[in-house]
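For reference, chains read A, B and C in written order, and residue numbers begin at 1 within each chain.
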């Protein structure tokens, strides 16, 4: 069975994008207690900004990458300052429905601006297929793995060793106490939201060079991110990353059995987890 | 939203008038197009009312509701195309089929709440779509199943009624919608509905007061699915065609807007919302692409700024008006 | 009426409750007292079905209550209130109590379709609601939203909601917490009135004046164990109780 490493590799590549998106979602959900059903649209917009900047405006890939991410982060900040501030303390129904509405709006905005046809972001690399550790891959895929690993390290350092990082972790665990201690909650929320959006955008750009860019990719990304969050619980960033990778791998292997239902692998996993562990894989019963 | 009493007797007159208008509608509007809009709105009336039981009364944010609608439509299509079962039969089988699926799904997901519940309902609809799309032997996949004919009524001694015409199908849909909504309304305004309210308002307290929250949640889930499935059959026999598109989230969005526009937790509100929201988009004639952008914006504004919907606003205005009258007399 | 036998539960290796046994009779007010963290609310949670014990049994009217859903236990006549005020915030007082009157009894789905059945249920609920509201002195706020009531009124409303369920044994978790002395006195009168109707009452309370005045029997918990049981006078003089309250815990009797 020497194609197994290939499936593992492919699964990890996709899993990395899931991880980047899920981490942001976990942060927003855990910190602000808002179920952001529009999160996947940052992924979509990152991809489309990059497409627009490189293919239409004519920038090179790397500049386009940076500008796209900054653009999505700015959008995230605006949304956080307006809509999400209104949603603070709102019921779950309100935040779910409002963010779903936002998600549909953004998806159809993209549809109207860029059209329904799938597009592709041109790779910055000259070479096509290469062989790496016995698997067939492309430089873009390797870049995805590398970028994700880098982000994970940066996140780890940032959360553990910077003032802001510690503040985030403290607020994550105990919001009221953090406010009492003098942490500027507003600024923290905006920062966290922006980072989450930026990470999703990064995933969008990188994956957009590997696969295609289309308006529906945001909605699917949101679903997958919530699958990760549901499976792993919302208690930790590490859970979000690990969960994303696991989902990617599961889908990759699921595709061996039933390629058409690949997306459903995660869905079925969620159903199974709910059956045996109604509170996610970690968590306590209601009482 | 503060719940007040039942409908007062003075509502009977406008209701009677409305009933009269509804009965002579085909004479009033005449063209097939308006009747088409009317029939579609009646299908959505059933869908919105059934969704209100879940979202409005029980507080269960089930966002996969269109799946039950689609399952109902598909089962009607398959029963008709393979066995020749007419609407009279498929209506109930579709409802029962959707209810059974809801019951099974409920076993899995009704012991969770919050975002986990929500996402699972969305996922469920996606799984339904994938199945409809890929199980081509059964469903014909993307192409869909055409050729589902409206029923005829053959009662010995009476002339044969063919419901193929728009006006005839309108009356059929009107009857089905009227019965469905009144059943849903009665459920909501009975001790069963009160238990759902208790579940929505404070689940722990409800349980401590003697409400088996698991059971009442299941009841809400299963009965709303029944009516959604029934609406699916009604839709299938009218449009004559089912496809995996029926599982798309856009249908759920439409139903949600109807529920929130009219006012969740009132049954009457979503009914009004369904009629308004079927007519308005047709009246505004915006292209399909911009349509969803505008709809989603409307939903966003409703949820954030007017969650009580039209009925809630109406009640608030009425309260203010009666209070003014009281102070005027004082 | 209620027989709690050898109930114990531990969390993460720590005994929250250990070998607690007592009985509660009809027409009796049994108070459970003890310093914070003694396990009183845990005891309530176990008896009312919201938590599972590690050991022990709870017999109510010769029926085992362990393992039953809280709603089943409430339907059997054993109704509790919560330490943190729980009401149906968005509903009017009247509607909330109406719901409370029907919760206990099953209303079969088919009856919603039968003409007249809903009206009948409605009328009965209305009548019972008015009786409960009058008994609790809440008749004048019937039209207000539950969330709009004052704190003291909400605490009384909680008891009204519990009464609406026609309990045979009522378990009140710190009903007097946050009440001023006159409100607490009014509460005490309400509780004794309920007792005179034949309902048994178990009370968790920190307000010792109230406890001493109305209790027939007092049970003292400390660190999850029962350290004393008896009439108010005897308990007040019990050295172990005095030590528990004034000793290491730093908790003084109110």
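Rule of thumb we're sticking to: contacts are C-beta pairs under 8 Å (C-beta built on N, C-alpha and C of every residue); 3 or more make two chains touch, one makes a residue touch a chain.
Just so you know, these numbers come straight off a predicted model, no measurement behind them.
Seen from the C-alpha centroid of chain A, the farthest chain centroid is that of C.
A simple rule picks the central chain: find each chain's mean C-alpha point, then take the one closest to the mean of all protein C-alpha atoms, which gives B. Separating the centre of chain A from that of chain C, both taken as means of CA atoms, is a distance of 47 Å. Here the spacing of chain A and chain B, counted between their Cα centres, is 34 Å. Averaged Cα coordinates give chain B a centre that lies 41 Å from the centre of chain C. In chain B, 204 are the positions where the chain touches two or more neighbouring chains simultaneously.
Of all residues in chain C, those touching 2 or more other chains are 50, listed in ascending order. Against chain A, the residues of chain B that register as touching in their complex are 55, 59, 61, 63, 108-109, 111-112, 114-116, 118-120, 122-124, 126-127, 130, 133-134, 204, 249-250, 253, 256, 260, 289-290, 292-293, 295-297, 299-300, 303-304, 307.
Within the complex, the chain A residues that touch chain B are 29, 35, 83, 86-87, 92-94, 96-98, 100-105, 108-109, 111-112, 219, 223, 226-227, 229-230, 260-261, 263-264, 267-268, 270-271, 274-275, 278-280, 286. Within the complex formed with chain C, the residues of chain B that make contact are 1-4, 6, 183, 186-187, 189-192, 194-195, 197-198, 201-202, 204-214, 219, 223. Partner chain B is touched in their complex by these residues of chain C: 48, 50, 69-72, 74-75, 79-82, 86-92, 95, 98-100, 102-105, 107, 109, 111-113, 117-118, 121-122, 125, 145, 161-162, 164-165.
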